[in-house]
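Shared between the two complexes below is subunit A, which pairs with subunit B and subunit C, respectively.
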Partner chain A sequence: MSNELRIAVSEEKGDTPVTILYVSGDLDSKTYGDLETKAGDLIAAGAKNILLDLHEVHFMGSAGLRAMHAMAGKLKDAGGQLKLLNPSDPVARVLKTLGFDKFFDIHATRDAALKSF
Partner chain B sequence: MLSLDDTGQLLRRSAFFRSTPDLAVRALSGHATVIRLPAGELLFKKGDPGSAMYFIVDGCVQVHHAEMVVILLEKGEVFGEVAALSSETRTASVSARTDVVLLKLERDAIYATLASHPDAAQSMIEALCHRESEVIGEKLGRMIQARVLEHELEIGQKIQRNFLPATLPAVPGWQLDGTLQPARKVAGDFYDFFMVPKLQCMGLVIGDVCDKGVGAALFMTLFRSLIRSGALYGGGTERFAGDDDLAGTLQHALRSTNQYIASTHRGSSMFASVFFGLIEPQSGLLRYVNAGHEAPWIGQGDGVRTQLSTTGPVVGLFEEAEYEVGSAEVRPGEWFFAYTDGATDAQNEAGEAYSEDQLRCTVVQGAAGDRPLLDTVRSALAGFIGKTDQFDDITMISARRGLH
Partner chain C sequence: MLVMIGDRIRVKAGLDDLARVRAFVERHAHAAGLSQDGVAELVLAVDEAVSNCVEHGLRGDEGEIEVRVEPQRNALRVIIRDDAARFDPTRAPATHLDLSPLDRAQPGGFGLELMNRLVDGIDYRVTGDGLNELSLLKRQA
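Then we have the complex of A and B:
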């Protein structure tokens, strides 16, 4: 059974506003829709830059990867970016094996991530 | 609170009580209690014991099995009569779709009313029969629809089989084998073997399109076709000029497939992990691209000698992706084995995964035996899975090089 997905949101107001999504649980075929919906709502409300905190995500399935790719595409169209923060070990392994680490900006700390936008 | 007359009027509006005699409706309405349920709240779930039926005064409820909504019922409709009038448990779950007001009628009150108003029984039985005939009609309709869909999927399955090689190339000194067991009617996995005459090589491909079912199956045909077409017809040299041509062909096939899908189907975010290798049968040289796929193994009698890790990202997502070309050798007497994660993720009845270690042991042992390698692995997996449903497509390919 997959662990339920929880998403908390915070807004960083600065020269470049960034929306941080703190995700916890499993990001798989049962839960990716929640992330897509949440991100879709935020983008529709004007969010351009999103930082996805993945340190509490312990399983990332292909549906989760597709959701991230779709989010990145939408943000790029809106003139913004999706970046990743501190993925857990199993998620980092998946990102590396499937080559996502080369196409996503991944940061170890929140400060470094926020500065990079 | 609703007055007795109001309640009677309401009940009368439903088809269920339309022909129930006045006295009986009046008696029933005396026993009805009003229930208010906020939107989203569950009233009862499938399998619960139940002794009441409900009449919708206002709002909308949904009848559902787990997450799947079967039907929406609105103002004036009756539900829950099966469990209320018999000893059956609830046949489906019911939740409030909007805020709802319901009238609840308990079994005891209904039977007491029927006992004192025998003429009411006839109208209620008629109403039940009417509902039963509606349900049967709908069930038949759905069965026919399901059959039509099933037939469509069977056609899809047949067509999809043509996207796998019908026969494997006969290559002197080599034994090739491939197997694909779909988890559903159609699969998102694929494999391919084909000769590339201009390079005097054989191509072997294994891939796993993300997701399962029809969507993945449609993309499987695309990935498989583009890779083969890119290798055979695209941009390469006309004459065999050397090792670099193998690398060039691999890169061209993967790059063009990736660019096509990433740009043309950008919105769908579909991707595949793919291993594509070209083997020179004479020398055993293997040049390959591993695009985010489980590392294939090359081994001898006593174990895996080398594994072919990823050389680039999955195919179909990132237009700018570059694929490096790896190099290996299948020596005389050695075997090459590749698989999709359906094999390592296969679960037994206890929910445990087969695992990479166990697959590796099975392959090494199987390679030492007399039976064709993939037959051995397939039976080991079937034994492990037992009676549970196969969770994902399971695909494997092997290429064994003779000693001479």
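Then we have the complex of A and C:
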């Protein structure tokens, strides 16, 4: 019933380093703060480009969008970018219903996403 | 605290029971014959309504929220009651999702907009005993 939010992190080295956050479980108004905090810590430690892998998010409410919105703002201020990888149906539903699918850079594959930074 | 009696579920006004409310609505929405998308949309709308009660109305763990389902002809109605300060989400100012929402200084404000766009009808009233009552209607297909 309840799918705890889990966040795993990996670093992609290269000309443009990218931090990948693998998010799974439920991203709702109870858990979105965990994502904001994790991303905030990574940005404070120097991460400029973040790719959010969202294919295993089982539920997302507007709070998830709030977290992404805040992350995008912080990364922009740091001279970097937030991009999204393979949103699950629940994530895509929120993005599309509110028209955010037009404003986020969304990729279907990891390779395409990493090349785009 | 969680009380589930047939067509209704009562939860404490915290965020811990959101997943249970979603599971409750999902089960009844399937039983009412809503499509896969319809079920997901209604679950999401109810989650936004209940989250809004907790975050902006009841604050903290005081109070209780009741979510009740009423199957109707070709539709399901979900009725949410809480004893927070009076708040009519159908009269909340519209969120302007203009050209570049990512540039907006203030994140948030998306929940009520999302709720409005996902259901076929929304009604708000104050009950005889002074509770907020929000009713969300979702039709089959």
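Simple rule for what comes next: the second predicted complex is superposed on the first by the 115 of 117 C-alpha atoms of A that agree within 3 Å, B and C clash if a C-alpha of one lies under 4 Å from a C-alpha of the other, contacts with A are read in each partner's own complex, and residues count from 1 in each chain.
Assume contacts are C-beta pairs under 8 Å (C-beta built on N, C-alpha and C of every residue); 3 or more make two chains touch, one makes a residue touch a chain.
Predicted, not measured: the structure shown is a model, and the values here were computed from it.
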item: Fit or clash - subunit C, subunit B, common subunit A; value: clash
item: First, second, both or neither for A:103, with subunit B first and subunit C second; value: both
item: A:26 touches, of subunit B and subunit C: first, second, both or neither?; value: second
item: Which superposed partner A:115 touches (first subunit B, second subunit C, both, neither); value: neither
item: Touched partner set for A:6, first subunit B, second subunit C, both or neither; value: neither
item: Per-residue touch tally on subunit A - higher for subunit B or for subunit C; value: C
item: Which superposed partner A:73 touches (first subunit B, second subunit C, both, neither); value: both
item: Contacts of A:89 with subunit B and subunit C, given as first, second, both or neither; value: second
item: Touched partner set for A:65, first subunit B, second subunit C, both or neither; value: both
item: Candidates 116-124, 188-196, 242-250 or 278-286 of subunit B: the single one with C-alpha clashes against subunit C; value: 188-196
item: Intersection of the subunit A residues that touch subunit B with those that touch subunit C; value: 29, 62-63, 65-66, 69-70, 73, 97-100, 103
item: Touching residues (chain side subunit A, partner subunit C) in the complex; value: 1-3, 26, 28-30, 59, 61-63, 65-66, 69-70, 72-73, 89-90, 93-94, 97-100, 103-104
item: In the complex with subunit A, residue positions of subunit C that touch it; value: 15-16, 18-20, 22-23, 40-41, 43-44, 47-48, 51, 54-55, 97, 100-102, 104, 107-108, 110-111, 113-114, 117-118
item: Residues on subunit B engaged by subunit A in the complex (per definition of touch); value: 210-211, 266-267, 269-271, 273, 291-292, 310, 312-314, 317-318, 320-321
item: Residue ranges of subunit A in contact with subunit B within the complex; value: 29, 62-63, 65-67, 69-70, 73, 97-100, 102-103
